[in-house]
């Protein structure tokens, strides 16, 4: 362990304690809602980061996986009475199967082409969700009854959602951390950095990215399921629209792609800004908050290509085993 | 099913395809020369439609004449956009390239919302309101065929513009310089070509082309801040199918997608026509990454360069 | 150990390898020489699976590998380095080597131990935390070798690992190559610097314009008129 | 007086130093050659001279004018033309279009035609294929095209990187014939070549580059006779 | 880390602090009422107009001295998508301490925002979202002032059977009726109601097609319709696609009577785009301008005042139907519910709302007010809101039904 190991461990524990305990003292539902959104989007951005950051394959179709998760668990619950705790795994399974299919078809494509293909994939998913009315009710959407119950993953208070969201976030961070320290992670990065060299060293390129895609899409679906339980109402525009794919990438980029904590930091910084910008400017000058939002994105891309977390890490924790 | 109907479907499809081709040439030029996918291209189209709309609204300027103003205006907008935003992304990692233009599209879209509200605005020209009726051609067993004037004008001007542009790229010295730069920028630099200037001009021309498209489209479509998004995905499809960077390819692919869209709207159902062309799009990307109509694919060129290294 | 049988390879309409056949035996150091553009690197690419031969077959330890992918060939014990070095630029030297080791080792811990060992062997331990992109040419070459070594190869293809080194670095690299040979690794080496290649190889294969013009001991090859002509031009008269 | 005078040139690729304190000069009308093993830094030197590599220190004076720090296209406009290694023709442009692009810095209507005629006279094989896509030419023809394209710019100094690379002996001989023909007059040539004997016999001045440093210099024949060179590069 | 990087971080931090600390509360002595509308994003086209209606109603009530002597202050929020709707509802309730919210215009936003309100027991007025789902959930604090999709579609189909068919000289079940709709929440909900009612009346639906409102071409759809030659096309569309559809339908000579909704065909922009071709097109939904003249006295004055103020603030433009319902929703709150409840306590507001019993024509527009009670299938629905039927005649949108407030008669020209 590097010399700063102890210090880093303490910082991490302190950070975790803040996020675990702070919600207990926040009595304001609006702020708790902010926590939930940060956790959900942080986790989702982390899931996206596995294939797009570590794997270097920029996906603009993750809205499809998110939506599949939301729809699968909700439909299983509404139609078959299956608890979302089980339904979410069904969603994850479907999403990862689709992710693998998408990977098999599209991984041979390079950079822009892959991004465009996934964009089209996300669009097709959203068109299906709109038009397969027998299954999804189309644009009318599906409403979950507000009858709190642990088995239904519907909590009476926000705190339940906060901790469930935190749990998902921690799970994603942990999985990312483990990937970062595993064969898979090494291979993904090797592949991203130089494909020929990786192959010459025996990295089975196809499998590596497929595995990352499967994990990434399954996690996205799990988060989608949880999000549906939180919104209690889903329709294609709320869980599968293309802006979701753009937004999740945006959080990861602002935080720092290809790092364990970057995507979460991106959500942590950007969600409050979004919420407050919208609250302060949304009605007086409609559109201005989105202009600022787009401006921040471009500034970060120009001046901090490694993202905010990526840059801070290089400055303060260059060889930390914890802050990856 | 009558043959009249088939002919009518084909004509509608080709006219629609003309619009798609027209709006996509600028995008394919920008990609071909600097290998950047401009996700904000739809928003520039939206701006162009607004410019023609406001000129019509305030100065009663015919949209077709408003091109005289749009052309220089969008050329300048193109130059400024290149200098401020695009230049920094040349050679940057793929993520920055994509998301700088995504950020730009968010900004433009919402500036339009801020200044012009979400209202839908249209231009109606009385001389376009009656369609052209062809036929009936009793000899061919065809009844009347109906052709929309505004779409026909957009189609004719669009196709002529594409041809003119193609000839420009093929035969003018500047066109040759642009093509040379797109094939090998390092060597172009060694020939004394100022790459930055070529990029500036190419980007500005791409934006200028979409400026013209906006003027031709305002008599057909309503304009609102989100109209760009309705077109940009189709533009991507057209540009990829045409073989990214190929002008001829974009025109052929535009027509192809127009016909596919109208036919699938008729035979499969209007709700799924988008899904149809997205699936065609993915299939082509995977099976023939150089595009259906590309002469030589982008991917192939990259490989040539790699071997040359 | 390695047998190349009647291999040819074309690019577009041009042949770049024509009917190449040779064998490499266990424990040998075999040199591959020829002027620039003779097809040496192409031959390496064909053997290591990056290109498929147009005709002919390649056998490694009795198995036909001419249709296998590079990753599978590597896992069978045949690894190569690149002439234009391809470090994982944003990773440390150590991680670069760990990635190589992972193809044979079970877990990260084992691979890390292996990597430490290899770095010691190639004398790069002090540079373990430098990023791939910040290395000098000599270190990049060394890293190429280290990474390839980490895959525990039986046969190692070295593509110009000595080019661009200064005399001191050259000496170290030669020592390293000899050390590897002593450890039982069979070596197939592309090299431009004649003194070096002549000095270390047991046998030499010479290519020119995709054709195998000569195979033999270093002395035989150096005397061969075809080789002299290929290198020095047709009207060069041997002194 | 020197047409090109380089003093204490240091060049970096990223953090890596490739050239160290390189000093050399080329006089008007000469042929100068740089020899050296692969990766010794020969191509790097040419790339630095033509402004492709920005991380450099020292001095490059061409016609007494400092070039270091100028963008590549301005250097080309001053008449210092680089024919890159591996030919790097524009594969999808026709032969004639390639040549026209070559004249970029000197293009005027009349001039373009005149230069084309001149170049076609030197390279009749290019005139035969002028409407054909350059990518479809054979390797030797492509090399001719690359040199011809360089000549279109009316260079004061023509830098040619490995012109005989990958060419059959007959074509190598032909290439040198062409170089023989264009040298002198107004064109000074700086050659990087692996075909050491040929190149040195042909040069007025030669430098040996080893691991980023100049280790030998003199006339071409001096170098050819130098036992150190033979040992290092010919293994004899 | 360079100076530029620090500058970016610093400016983001400053902005964050500025916005987080900036949330303030207005002084007491006012009625603080939250609003949630989509003011940005693709839904904003109608959201802004709906909100305009609310804003003008607020102005009017304040200029008239407020409610019970206290002025109304709006605390407004922007909800471009369902996620934002839920989040903004949370903000209004917990940060701004609002106990009464007016919103949300689009059904999908309403479904997301009202869940939050209901959980927090906050009184919620829905002014335009028509989806049947909104009131089907048995929420206690949710009240929809406008008609539901079911009510509207039923009226639409009944009108065809009772009025249009005889006028065309046909028996209702001889008519060939086609339904087309955009595939968003609005189109899906209304078209579902239409089909259900038509089936109930044994009408002949010959075609049922949906498409994306973002479509750039509808010629395939028109030609498909042309093949089945319907007498009537029921088109549930937004303005953008309505214009496209009508232009292409006219060009390709679709000879059916087209009946749309006020969200599409009833929009003032519709006539701007189509000119004379708009004539004869029927738009169901919110009653248009001429209802005012025949309204009973108070609603008439109110509506006339509203129209005047709207025109003054919008360059003389006539309010679009969606602004009318925005106005109506806020007006019901200000004039009927709040004065009875005398407090913004949700329980009191709720009691007041449930106790209202205003006969038709006496409330606002030509509506009455009577909310369905708890336990009803559509709890919280204003049962006395009614859709109107308008028709473009000589460039004006005239009201042709309900009869008692109509300003013109239906004109059927069979082409």
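Observations, loosely collected:
Going by the order they are written in, the chains are A, B, C, D and E; count residues from 1 in each one.
Here, a contact is a pair of C-beta atoms (placed from the backbone, for glycine too) under 8 Å apart; a residue touches a chain by one contact, two chains touch by 3 or more.
These numbers come from a predicted model, not from an experiment.
Shared contact partners of subunit D and subunit E, listed by label, are B. By number of C-beta pairs in contact, A-E leads over the other of C-D and A-E. Using CA-based centroids throughout, the chain positioned farthest away from subunit A is D. Subunit A and subunit E have Cα centroids lying 35 Å from one another. Chain centres here are Cα means. That of subunit A falls 33 Å from that of subunit B. Per-chain CA centroids place subunit B at a distance of 42 Å from subunit D.
Counting only residues that touch two or more partner chains, subunit A has 127, 130-131, 286-287, 289-290.
For subunit C, the set of residues touching two or more other chains is empty.
Looking at subunit D, one finds that none of its residues touch two or more other chains. The full set of touching chain pairs reads A-B, A-C, A-E, B-D, B-E, C-D.
On the side of subunit D, the complex with subunit B involves touching residues 50-52, 71-74, 76-77, 81-82, 84, 86-93, 97-98, 100-102, 104-105, 107, 135, 149, 153.
On subunit D, the positions that touch subunit C within their shared complex are 14-18, 37-41, 138-139, 162, 165-169, 172-173, 194-198, 210-211, 231-236.
For subunit A in complex with subunit B, the touching residues are 52, 58, 60, 105-106, 108-113, 115-117, 119-121, 123-124, 127-128, 130-131, 246, 249-250, 253, 257, 285-291, 293-295, 297-298, 301-302, 305. On subunit C, the positions that touch subunit D within their shared complex are 14, 35-37, 133-137, 140, 160, 163-166, 192-195, 197-198, 209, 222, 229, 231-234, 236, 239. On the side of subunit B, the complex with subunit A involves touching residues 35, 37, 85, 88-89, 92-100, 102-107, 109-114, 117, 225, 233, 236-237, 240, 244, 271-272, 274-275, 278-279, 281-282, 285-286, 289, 299, 302.
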